[in-house]
Every structure is written in structure tokens, then in C-alpha cells.
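Once you've had a glance at the structure underneath, I'll fire off some questions.
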Amino acid sequence: MIDIIIGVIPFLPAFAGFTIPIVYLVSRKRLVVMGYATIILAITTVLSAIVAYEAFRVEHPFVFRAGGWPAPIGITYIVDRFCALIGLLTSFIILSILLYSISYITDEAYPWYVILVLGNSAGILGVAYTGDLFNLFVMLEVTGVSAYALVMYYRNRPVAIVSGLKYAFIGSLGTSLYLLAMGLTYSFYGTLNLVDFSYKVTNYIDTLHLFAYGLIMILALWTFSIKSGVFPNHFWLPDAHPAAPTPISALLSGLVVNTGVIGLYKFLYIASWNSYRTPLNSIMELASLAVILMGSLSGVFGALLMNIQRDVKRLIAYSTVMNLGFLFMGIGCLTFKGLQATLYYVITHSLAKATLFLSTGVFIKASGSRLLDNLSGSGMKYKAAGVAFAVSTLTLAGIPPLPGFLAKLLLYEALFEYNIALAILMVVTSAIGLLAYMKLLYIVLFGAPISLFRKVDMKLAQATLLILTVTIIIVGTVFLFIPEVTQSIIGSAALQSTINIENYVEYVENTFIKP
Amino acid sequence: MIEAVLFWIGAFLFILGGVFDLLAAIGMIRFPNFYVRLHAATIGAIYGAVLPLIGISLMALGIPELPGRYAVAGASFITAIILLVVAPVGSHVLAYAAHKSKSVPWSPVVDALEKDEEK
Amino acid sequence: MELIVLIGAPLYIVAIVLYSIRLLKGPTIPDMVLAADCLSYDLAVFLMALTLYYKTPFLVAPSIMLALWVYLLDVYVSKYLVSKEVGK
Amino acid sequence: MKRVIILISILAVTLLSSLVISFVAEITVPRSLRDLSKYYIANTIIDTASPESVAAIVWDYRGLDTVYETLVLYLAIVGGLAIFTIKGGFPRGEPMGLTELSRNATKIIVLLIATVSAAIAFHGHLTPGGGFPGGSALAVATMLIIPVYSVNILLEKGITSTKLVAIRGFALTGLGLVALLPVVKGLEIVTNQKFYPGFLNGVVISGSISLYNLLEFLAVASGFTAVALYLSIPEELYKGEVRD
Amino acid sequence: MIITILILLAFSLLSLVFVYMAITERDLLKATAFSAGQSICYAVILQAMGAADIVMTYVAVSVGLYSALLIFVISKTERFEEVSSR
Amino acid sequence: MIKYIVVGLLVFIVYITFAGSLSTYTVMTGLLVSTVLSIMSAKYLVVDEKKLFDLKRLLYAVYYFVKYMTIIEIKAHMDVVKRIINMDIDPGIVKVPVNVKSRYARLLVMGSITNTPGTVVVDEKNNYFYVNWIKVTTFEPVEARRIISEEFEYYAYKIFE
Amino acid sequence: MKFVIEEFTYVLIICVLIINALISIYGIVYRRSLTKKLLSLTVLSDTVFVAIILAGFIFTYPIVPPVYSDIRGADKDFLLNHASDPLPQALVLTGIVIGLAVNALIAFGIIQVYRLTGTIDARKAVKSLLEEGVE
């Protein structure tokens, strides 16, 4: 039963997207269309919560076989605890973003907007759940296409179109290369399934296959770094994310960039657990080093550039670059602690970044400007948004009771184990980032109001923001003060896919063979 | 018997088409401008494509061991007919556009169309 | 049957190469499109011959499409040359 | 001239390097299929009731990929139309078209293309082809009408973008339902043979594969026609639109 | 087999020429024609490899729809890559 | 009514020939497709449905097709092939009057002229074809008609009018 | 001698595809016109498709599509030895559609850029944005 639910979860938003034109043509009311989408996403959230609950209840990961075909023949979804948590996070945040959009998106093109958001959520959920390398490509493209279109949503603003085009070009270049990697995978190893691939990798260790393995790793890494906006490929991100409507900025910065991290998790942890025993080990080490280097460089870049921004959305976008750098550093460790830190950091960052963007959206709508100076003092005017803004900024900055602190702490521990210099670099970087966050917080909350604020009626949006804020606070306090919870959720999820990986893979392999 | 005849007629047409095609290609290279090359292209389309397609259709009919020979014959015959419809219209449309947009420089003996348009 | 195709194929390939030279050199757009036309008419024949060579009926459909699609190219280029707006 | 020299040097480098590699390195050209594809070819009739292995993989073995790929196409078209939305509706200008002769010929050609595209789509589970090639072929037919007759003729005949989007929505909803229905009986999503019949009165229909092909045919054709319609709107209309 | 090899050799080299010309050409309409030539070359290579399904889709998309799409784009924007080079 | 049947039959024949089989599935879908397409397109395609079932016209069409493909085309091809070799060309556009009126007759004439190497129809205006001719021998429209298109028009008249 | 020719062909195609991909990446990154970038993107994806099909190509004569002539599956042994690989074909089919989708979206975007900024030169478009000032 549960595996059928897993299969349905990403398909449900997609199906809703297919039906939206009919719903629109029948009703032609904005609230009906939006409400329909919200209901679908609420169902998706409930279902993914059930999946996450079940994933923690049982020891082994869930395997869903599309069409009933076993692994190398058909497509399988492999949902372990990591993926289940990400799925829950994704559907929850998208639900709140859509709720927020009901009061934010009021122009005529809303049916297109809803379709694109639904498609995007289908894509991210698919990326989280899939266990097939080629299906991962398709899901990345689903996410990508809807993201390009959403960035171009303000069609009469040149900035939006130009940066959306930049994003589209660089993104589709990346996915073309990933497709090439899939061709190589199939031609050298004869399989496209993640777990099957991890077994077959060790069967061939001649020079040609080593070369191919390295090439696959490089191409995949390059693609995921584009998708995540990490250092050599970060240049599109600070243009694209601010150009979109604010809920979409939240969606892009909070969730879409996660796809690269999830992809790396699947490549570095699940697909290559086996390669330590062989000469492939050196390639793995190189890949891990490359990931960490890219991560640290983009952390430094993001933190430095954050401090000189005047546009508030650009500032937050650079903060995304920095945080994704940290995530890459965490995931590159290839250890239990690294994965644990990554998982918690992903949750924290997604929640906080989405909340930050959404609350900034209220201020921007009120003041009609995106310049930091014009926003000064707006936080006091809108209490709910101000609270959400403060909490999320402090979370991102890593102030103790909030979840950001624990995330940074875990990451520090993981990096300390890997290399002390990196740990220090990370602390220094987050200190530089802290300056920018504090500036932002000070200006928005305590600055003297210099511009007239329009009255905006966004009750639903503010309610959504409050829900998100409460979630952040709960997550922060529970995980920080009750270590057992941390251990049993984050720890066990990381344990499952690092130390107990052999049980994991064995179980999955057995489920494949079993009809 | 009839099959062998069909086969050899088809083969002859196929080879003949190849020769004409080659001639048309040489014409395409040698002719000085677009309006003259159009005529070489016609050779390539009619005796260089339609004829060998009919030849292939006959050849396919003449090989009993070919699986699905009627499908091959039918499809190639249909292709030939379609080419017979498409090729002249394509040439005509291109010539029309080239003349209308005056994008091709040439020195004709007489250009009745241009004279009439100037009137 | 293989023999016939074997004799015919070099003729067609040489013709195709010559057409391609015209397509590459073509001083004006109509020249190039005309060369592309001839190229694909030729290839329609050539792919059909390949069907005989491979002894399978399933390779026939592409040649018909090649012949039809190049007409689309013709029409679009001509329309562009005649009036700048294609949809007019 | 510089271009030609660079081109020739690139060609020479390619030829030389491949000569050297093929002589130096020990390369074995593949002469037999991989195990996985052998499985697909050997079992396609038993598993999916379709003699076409590619269609079987595309719509059954790896059907989920294709359903989501349809979603990608849908999203891209939706995104494009969102960029190109115009408030006032389509214009009814003076049609210009091409020559009279080409119009008459295009009529016949469009009919031929439509027939061929239908043949491709309906035989998708038996011979190479299927919903997508057929649909794009039908879209080519309508895309021929636009330059030859001008876009107005399509609008006058009642082929408007609203209708096209509606057709597309219905076709895709059908496609989604075909994928989703087996869930009702407790089967996995995109299940074929356990839920849909492979034969109908002795005629091969390969279960859901032919259904998918039909719906995809409609969806793709209407989607591309909508794209072409939007692309062929004269530019003057957007001048005012952009200034707002 | 010999014809297959002949096709693969001839058309892969031809496609290289077309790709180079298409990318370096300033006149975008000519580049579109070159790109159509490249697509035709690839289509023949695919056909010689026995991938009929792909050829049908590929020819429709790459020769037909892409050319039409590019001509639409060119007709609505500029024909030459850099205005000054005209 | 007849025009629907004729168009449908045409579509059906093309469908069956392209699919290359006569299985139940093909025939059924072929009937479906031909019905739909003939209903959709017959009214644009056929103007005068009385001419459709005239056996004489059909016979003329077949006779013309065979004669055209063999005798006329060979002459024209040989002529242009000679010109390819000796490059004896004097291109030009001449005016040729057309006497046939109906659309398909004109299309047939135009197709025949264009499909004959050496002559390509460039434009059509006020009952005149403007023909691009590889070796212009006469500037007189009537004389040009005698050389280029008289035979085609004779058959086009027989077949379509 | 025959074997050498086959290996040479194989290597040559791989080399040509690599060089095509490199040229088209050059086109995407360095050419300034957005339309040219779009064209290069189509060339790159086409090259990748051919590369994937090449991965499933086997050197045998004759090579046929993996389709049975009849529903009973009489020619199974023949197909197992002479059919082309179906899985890469399915992958490429998916890839073609996805590439088409992305390119159509990009084409829409390019036209809109021209309407808004009056240029399709990537750098000029960005420059004109800077002059206008980002809100």
C-alpha cells in the first residue's frame, strides 16, 4: 500500500496541473483555481507525511516499482528516511507558498502560475523520491522548465526575461551534459538504476571503465552544481531568483536549489557506497574534494558579495549561494556526520529561506521598492511579517535557540572531522554572512521609516508566515533541547544511508528480485 | 518470372536515377546562379528521386523473401507521389520568393515579370 | 539486391556530397534552401534503398517525412523573404 | 577565408587523431546486445502485448518517464503562452499568404500529411512511430497553413488558442487518468497488462499503449498548433502590450 | 555492412562541417539552413544505426519544427548576429 | 455527398498504402481517419463534384501521367543534361498565357511546367504564367506558350474541365 | 583489414561527436546573439542524442529496428542478434521531447527580450538593463 502512495505523490500535482485548464474554463474564478490547487497540495502533504512517518517506523527504505517492473527493467522509486523527510519538507513549503500566493498573485495570468507551481512541486518531489538515474534527469527537467517559466513570469520586465533566459540556457546546457552522462552510464554499465549501478560499478575496474566512471562523476557534479548555483556556476542565481515574483523566489531559493544536493546525495552516497573497495576509491575522494572546494569557494563568494548588495532580494539570493556552499561542504564529507549535518541544514535553510523571502514580499508590496534603504522600518509596520522576518534572519545567521545554530554546529563538527582548516573557513564565512544579516535585520526592523507604505491586504499571507515561523521555532527548540529527537530523526536518517548502507542496499536489491 | 522482370526494371530505374542525380548535382555546382540551378534541382527531384523511388517500389515487389514487401513498395510509391506534388511547389515558392525579395543578383535575357511589376 | 544497392549507393553519396557543397557555398539563401531540398529528396531515395539493404519494412517511414518536412522549410524561408512577418 | 582554414584544420585533426587512436588503442567494437536490452527484446510481446520494443519501453517499462516528459512539454508550452498572453484577443487583419498556386497545392499536401500522421500515431504500438511523431507531424500540417494562407484563416475556421488549450487539457487529463486508474485496483501507477486488455476481439491494441499514443497525438498536435498561433501574431500588437 | 560504414564515415564528417559552419555563420538565416543540413546528416546516421523510431521523431523535430521555430524567432527579431557587421 | 466519399476514399487508400497492411486494426482505424478527415476537409478541397466520377477524365489522367513521365520528361532531361555539360544557357523570365480556368487544372499545368527541367513557374498574374526559362528562344508570349505549355494545357483541359 | 575499418569508423564518429559538442558549447558560451545560442543548444542536444544511440549500436549486418513483424514473435532469434538497442532509443525519444520543450520556451523568451530591450545581443541586453537601473 505504502509504495503505491509513494508513486502517487509526485504524480498528484502533475495530474492537477493537467486538469487546471478544464477547471479554469469551467469556473473562471481565481479562488476556485487556487483553492483546487491548494487542496491537491494539502493531500500531497498529508500523503508525504504518512510516508515520512512510515519511513521512520520501519528499518528499511521503501521501494516503489512503476508499472510493477523490477529494477533494471523498469523505473523504481527508492524512498529512504532522508528522501522522505525532504519530500515532506518540500510539499509542506510548497503548500504554504501557494497559500501565500492566493493573496499575492492577483493578475490575469494566474492559471499559468498555478500550473507551473504544481509542475515544479511534482518535479522536486520526483527528484527526492526517484531511484532511477534517467528518471532523475526527467524530474530535473520538470523542475527546470517550470522554474525558467516562473522566473519569466513578469513578462513585461526586461530583467525577468533576460535573467530567465540566462537561467534557461545554463540550465539546459547542464541537463544536456547530464543526459550525456546517462548515455555513458548505460553504455559502460548497462543499467540505469541507482542501486543496480552501485553493484555493477565494482564489476568493471579496467582503465576505460575508470575513465568513464570519472567522466560520469564530473558531468553529474557539473550539472548538480548548476542546479544548485554553486561556485563556478553560481552567476545565474543572483539574477534569476530576485527577478521572479516573491513566492517564486522563495520556491527557487528554498527548494529548487535543493535538487542539486539531493542529486549529489544519490550519486555520492547511494550509488557509490560500494566503490571504496576498489580503485574507484581515488575517484570518489577526488569528487568529494571537488564538491567541498566548490562549496567553500561559493560560501566565501556568497558571504562577501552579500555585504555589498543594495537590493534586498539580491542580498537574500547571495545568501542562498553561501548556504548552498555550506550544504555542498557538508555533503562532500562522505561521512555519517556530514550527511546528518546536511540533512538538518537543508531543512533549516529551506524553511528559513522561504519564510525570509515571503516576509520580504509583504514589505516589498507595501513599499513598492526592492531597495534596502526604502524598506527601512517596514518591519514594525507589519507585525506578523516582521516577526517572521526576524526569526528567519536569525535562523539563517545561526543564533542559538533557533534551528540555524544547531545546523551550523553539526556542520562544524562534520567539517572538523574532515579537515580543520575547512571548519575554520566555514566559521569565518558565516561570520561574514552574519554581518550582512545583521545589517538587513537592523535596517528593516529598526530603521527610521523613510517612505510611505501602502496599505496591503494580505491576511492569508500573514497567517501563512505565522505558521512557518511557528514551525521554525518548534523545529529549533525541539531539536536543540531534546537530543533524543535529533538522534532519532536526523541521526537515524543519516545512519540508514551511511553506516547501515549495506543493509539498505541489500534490502532494496532483494525487493527488486522479489516479484 | 514476373518478379524477376519487376526486379530488374526496378534496379535499372534505381541506377538510372543515381546517374541523373549525379548529373543534377554536377549541374548544381556548375550553374552560375539560383535561377539556373532551379532547373538542375528539377532534374534531381524528378529523375533523381521520383524515378528511383518507383524503381525501389518495383524492386521490393520483385523480392519475394523480403519481409513486408508490400509495405515497402506502397510506402515508396506514396513517397514518389508526394514528391511529385511537393517538388514543383517547393521550387515555385522559392523562385517566387527569390524574385520578389530580389535577393538573387542575375542578368537575364528578358525579365517579363519585373517589367510588368514596374508598370 | 545488396549488389544493386551497393552499385547505386556511391552515386547517391557523391551526389549528396556535391549538394552539400552547394549548401555550404551557396551565396544566397534560396540557393542554400534549394540545395537542402535536393539533399533531402535524394536522401528520401537513399533511405528507402537502405530499407532494401537492411531487409526490413520498418525503416520506410522516415523518408516520407524527410520529403514533407523540407517543404515546410521551403515555405517558411520563402514567406520570410517575401514578407517579414511569417503569419501574415 | 579564415573560417575555411580553421574548418580544414579541424577536419584534419579529427581524421588524424581518430586514425592514431584506432591504431594505438585497443578498441573492440560492440557486436552483441547488452543483457538488459536482450530482456526487453525477448519479452516485449509477453509482457506488454506490443511487438514494438521501443513503444513498450517508452509507454510501459519506463512509462513514468514518458508521462513526466509529457508534463515537461506541457509546462514549457504553458510557460511560453504565459509570456505571450495578449489581453484583447487575436487581430483580424488583411490576409496575405503566398501565391495562389501554392495554396492549392498546400491543401492537398496538408491532407496527405494529416493522413500520414494519423497512420503513424495509430500504428505506434505495431511499427515505429507513435503519439509524439504523429502529433508533431499533424502540427506541421497546421504550421504549413499559417505561412501559406496566413494565420487569419485558421482563426476564421474556429481554431483558436482557447479551444486548442482546452483540447490539450482534455487529452492530458485523459492521459493522466489512464496512468492513474490502475491505482484504484491497488496496482502500481502506469501499470499496463494487469489492468488493460492487450487484445480486443483478436486485434492487438497493447492495452494502454495505444490509448497513450492516441491521447499524446492529440495533445502534442494541439499544443504545437497553439504555439505556432501565438508565434504568428503580428508584432505590432505587442508594441502596445509591452508598454503597459 | 560496407554501406553502413560508408554512411557513417561520410555523414559524420559532413555533420562536422555543417556544425562548424552553422555556429560560425553571422547570417542567422543561413545558420538555420546549415543547422537543417546538420540535422539531415544526423538523421541519416541514426537511420543507418537502425533507430527508426528516433529518426521519425528527430526529423520532425529537428528539420521541421526547429527550423520553423528559428525562422519565427528571426522574423520577429534580427537576421544578423551583429548589427554593425552588416 | 460524392465529394466526401471520394476524399475519404483517397485518404483511405493513402492510409492503407502507407501502413502497408490489411489487418483488421488498420482497416478500422483507416475508416475512422478517412471519415473524420473527409468531413473536415472535403468542402475545401472539391469545388465541382460532378467531375469526380468521370471515367474518361481518369483514363486521360493515367495516360497523361505515363506519357509525361516517359516521353516529355526524357526530352527535357536530355536537353538540360546537355546544357549542364556544355553550359549553353540564356536564362530569362517569359510571359506565358494560360487558358485553363479551374484551380486544379492550373495547378496541374504549373506542376507539369515546373517538373519539366528547363522551365519553372515564378509567378501567376492575370491569366499569365511567368516562366523562368533556361534558354530563352522567343520573347513572344504566344510563341512561348506553344513551346512550353500547350501540350500540358491540352491534357489539363481534358482532365479537369 | 575489415576490422580496422570498423574500429576506425567507431573512433571517428566518437571524435566527431566530441568535436561537435565542443563547437556547440563554444557557441552557447561565447557567441553573443541569443538566437545563435539557441541554435547551438539544439546542436548540442542533437549531438548528445546521436552519442547515446551510438552507445546502443552494434556492428552487425543487417541491423533492424527492434520490432517484431508479427504478434506471435516468430523472428525472436533473428531480432536478438540483429536488432538495434531499444533502451537508448527510448531514452533519446524522451530527451528529444524535453529538448524541444526547453527550446520552445527559450524561443518565446528571446522574442520577448527583443520586444522589451530592442536587441538580441546578450551583452547589449544586459547592458541596457543596467542603464535602465534595476528598479
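Residue numbering begins at 1 within each chain, and the chains themselves are lettered A, B, C, D, E, F and G in the order written.
We take it that a residue touches a chain if its C-beta (ideal position, glycine included) is under 8 Å from a C-beta of that chain, and two chains touch if they have at least 3 such contacts.
Treat the numbers as computed from the prediction; the structure is a model and nothing was measured.
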Touching chain C and chain E alike are D, G
Separation of chain F from chain G in touching-chain steps, minimised, is 2
Top of the farthest list for chain F, CA-centroid basis, is A
Distance between the CA centroids of chain B and chain D (whole Å) is 29
Between the Cα centroids of chain B and chain G the separation in whole angstrom comes to 30
The distance between the C-alpha centres of chain A and chain B, rounded to whole Å, is 57
Residues in chain D with touches to at least two other chains are numbered 10, 14-15, 34, 36, 40, 54, 61-62, 65, 69, 72, 75-76, 79-80, 83-84, 98-99, 101-102, 105-106, 108-109, 112, 116, 120, 126-129, 132-133, 137, 140, 143, 204, 231-232, 235, 242
Residues in chain C with touches to at least two other chains are numbered 16, 29, 33, 53-61, 64-65, 68-72, 75-79, 82, 85-86
Within chain G, the set of residues that touch 2 or more other chains is 6, 12, 16, 19, 56-57, 59-60, 63-65, 67, 69, 83, 87-89, 93-94, 97-98, 100-105, 107, 109-112, 116
Chain F partner, complex, touching residues on chain D are 99-101, 104-105, 107-108, 110-112, 114-116, 118-119, 122-123, 126-127, 202-205
As the complex stands, chain B meets chain F at residues 20, 23-24, 26-27, 30-33, 35-36, 38-40, 42-43, 45-47, 51, 68, 70-72, 74-75, 77-78, 84-85, 87-89, 91-92, 95-96, 99-100, 106, 108-114, 116
In the complex, chain A touches chain D at residues 1, 3-4, 7-8, 11, 14-15, 17-22, 25, 64-69, 72-75, 108-109, 112-113, 115-116, 119, 122, 126, 134-135, 138-139, 141-142, 145-146, 148-150, 152-153, 155-156, 161, 190-191
Chain F contacts chain B in the complex at 14, 16-21, 69, 73, 77, 80-81, 83-84, 87, 89-95, 110-111, 113-123, 125, 130, 132, 134, 136, 139
Within the complex, chain G is touched by chain E residues 1, 4-5, 8-9, 12-13, 15-16, 19-20, 22-23, 28, 31-32, 35, 38-39, 42, 45-46, 49-54, 57-58, 61-62, 65-66, 69-70, 72-74, 76-78, 81-83
